[in-house]
């Protein structure tokens, strides 16, 4: 097995934010005593006046973000994804989305990446929670290049955005030369295939690619689609998968029946209903490190490949 | 970004009303206190009457809180806020955030007296596809800085505005108008703490202290006293004034400031100005019928 | 047209709660300055000591509910659905669901029933938000009989429950003699049909029945399924619909891509993928009264019937 | 209701430890102050050492806050709470809620000293399928009253417990242990207001006032002072004590009560007992390596 280099996307986020802040004095950061976990240390050093750490107060944090936007600034509001979303959901709905405030919500360390810190710290519900809110783009970069490109896009767009910034180490998945690595509203087909399509987001994209390799060994040709804008979904790309392949598997580090899985399911059903399997955690996690938990929930290359075989009716191994 | 809310016709500035409002502001700038008091009282009377007829016409509204907050809004828009209703997006405008967003009709009406949009448009309050829904939407209503309605949202936003304006070197001030029952929401205390920590001397909170919330007296629900002490312990200046005395409000809102945010606790009467509504909890969101509206308008004449 | 009598389910809720509280001294109510809108006036009069009105403080409200449960009581925590869920979502996740606290969360006046009070007061995201939380049954009664039966069931069950108590007037839809009118985890087939299935919940059930009548006039035989337990879903009943009818339409007063629609879609895709249409609001609502808004979002008998025809490929009227 | 969390092996009472704990409680009930102080100091020392080895073994934990809260938990479990570790569901037990749930290791360890479950099980802290995850789960750990981890949840739950116990006529008391940074969460002030309004004299909040939060000093992040004034303005009794002085804590926790909830502000040192950890923000969630653990254990001997 080739050991690829992997990255914590928070580093790319932090680095790009500092770079952008040099060029655009309107960029500010807001956080909830999360300078360290949001990787805002360098930002704090370079722009001490432009970091608003409100302490442990997520409702205040999001409201302050909306206020900063009102004053003409471009706030990046950063906190652990679960606290940012669970604790300030009404602020996200009313102050940001319904007010169309120019706020960039950055949910750090989402999914199961807090591992043994337990379900109170896992952010697996966030995609369901945020997709339900109108006018709130939900963006989930899959690797460092996408993270940087997504931040750049967000900074340059007037309006609310939620960015899900992964902590779990991921390899590069963006095709070299793909520039920009992220295009708002567009999914990218990372591998062609005819039998089944694996639709993945965030940390699951690299695993989907590995799963496709495993499936190839079994003679199954699997397409891999990286959905980095979970809301609004790239309906065309999903519709193409439904029309051109015989099965669809979705994989996400989130509750699938309200997250990516549900979004894809709707398009598949409206296009050409083919069998689907939605992978993702559906229960509170047991104790364990992130790698263990991903295995527990079958969010591995093996698990994805197995699901694809099952849904194709080929699981008689 | 596409707006998914259909907002019907846009609300555009009413230049005639803007002219009248500008003349009022000029007059007040040079008036003695008695003249100023009379002018503001007249304006407040106009607003109260329009509030009653708008709510009665629409069959929807929060009559009690509209009438208790009227003098606060009148003083702010009539004599305090540095705004330009022709340019609601002017970067250096003072910001007014009505955190008790259920009192939208008082706000909408006050905005029309400044000319943000024509008073006739109030007739569409709550009507299908109207920009004027039951709670103020930033998308649809010029002069509305942030959408409110859920309580406890305004002060955090106000803190952000004040931090942002300071960062940008703007002299603009930020005022957040809060309900008293609303102060039971912890989000306010998060924001209060942040405001004090950051020494936001350009931020003012005005509490409409009418002693009633939706279902009962605040003191019977979850008592707020000693309220001024709470704000002081959270690092704010706090003053208490008669919330129906325009000059007292004016003084409290314009007094020289130290390095701290200020809370003006405005003692008010819910339903103020209409005898059968005053201090009666049921008028929180009761809508006057035709006869009640007639009586109310008579009393407010 | 026959004008049926319609009911505000909050009244049935309130009445049944008082009845249960007479029989079981552990039952208490908690609310957020919502004695009136939660219809707790009679409860307050009969059991003044057993009503805990914390004022306008939803996080506190839900936490207090969890604490009361810890002390051995059976709290019904009542507030407008949007504030209860949006403002206290982390308390619902951590203090109630993850703690398996015996708390009955009662989301009053959900969906679009606050009409012209606007999107800040509409609770259309709640089904997506709550379905994503593990171990939290989500119950949506469709009429007075179901409301009463659901409250009785909730009071007698040890564990967390969310009950969505409608305000928008609905007629009786439960078949007479159906006792209990609500069975946890079971959907009920209110009308047989072979061509399409309309799966509805809450306020939409009576409209689904009307839609089926309209469809019958067009020669289309539509099954109607009332899903009163949205989570966990009655997979068998939905699977039967997928197997036995050629199309499925879901209708709910909630964002469908994370709500009932998404739940049903997954089962359809896993059983026999047939074309589906998911009805429900997906944007912030314009101004208008509830009836107007339901029409705006096609949540009417006509709208449902039209969708069924479309998804059956029969929309060439 | 099916539990969807796999919790691995159940945690069952350790009857030997329960016996030892009962003897300690008996001894303390009749001891003079010096003897009591020595016994509690010994217990605290045991707990601190186990905390260090548990965290070092698991490679996970919040060392600083565990060590600052140890003396508070020691005093409560060693001499104050009316509990029966053999019957964690006893209806009339006193309730302890660790709102600063990240300090689970201090809690778990303290629970083993009472015999809620065997100390050996601490070795499974944070291990796959272990009932002992990084934050205390009510599902899996006997003695844990509510799952914590997100800050600002404990006090509202404590208020509900206290209201409920009073309704049921139970004499049991409720204690909520809070971080100081945690008090920036507004949910605490919602609960504080409710507790005062309802005169919850059986409710005690203990604030672990170590002056540090996750990333910096509280005073550099969002300052909390004057903290006692805040509690008093919210209707509580407030006392400040040395949070590492068991007898001072004992006095504050057992002093006769009026009709109000009480807040004990316990002045502590984060990382207390280990020179290179004391008052250093990086030890909030830093894990000692083998050498650091050895040094720490030596200092704690």
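Order as written gives the chain letters A, B, C and D; numbering starts at 1 within each chain.
To be clear about the criterion, contacts are C-beta pairs under 8 Å (C-beta built on N, C-alpha and C of every residue); 3 or more make two chains touch, one makes a residue touch a chain.
Everything quoted here is computed from the prediction, not taken from an experiment.
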Original post:
If you average the Cα atoms per chain, which one ends up farthest from chain C?
Top reply: D
**OP:** Provide the C-alpha centroid distance between chain B and chain C, rounded to the nearest whole angstrom.
**Re:** 36
Subject >> Interchain centroid distance [CA atoms averaged], chain C/chain D, Å >> reply: 40
Subject >> Numbers and ranges of chain A residues touching at least 2 other chains >> reply: 54-55, 57, 59-60, 82-83, 86-87, 90, 94, 98, 119-120, 134-135, 282-284
Subject >> Residues within chain B bordering two or more other chains >> reply: 4, 137, 147-150, 152, 184-187, 190, 193-194, 221-222
Subject >> Graph class of chain-chain contacts, one of line, ring, star, complete, other >> reply: complete
Original post:
Where on chain B does chain A make contact in their complex?
Top reply: 1-4, 91, 95, 137-139, 145-150, 152-153, 155-165, 167-168, 170, 186-187, 190-191, 193-194
Subject >> Residues of chain C defined as touching chain B within the complex >> reply: 33-37, 53-57, 59-60, 82-83, 86-87, 114-121, 282-289, 292
Subject >> Residues on chain A engaged by chain B in the complex (per definition of touch) >> reply: 28, 30, 49-50, 52, 54-55, 57, 59-73, 75, 90-91, 94-95, 98-101, 134-135, 157-160
**OP:** Report the residues of chain C in contact with chain A in the complex, numbered from low to high.
**Re:** 82-83, 85-87, 89-90, 93-94, 97-98, 119-120, 124-125, 128-129, 131-135, 255-259, 261-263, 265-266, 268-270, 273-278, 282-284
Original post:
Of all residues in chain B, which touch chain D in the complex?
Top reply: 184-190, 193-194, 196-197, 221-224, 226, 229-230, 232-235
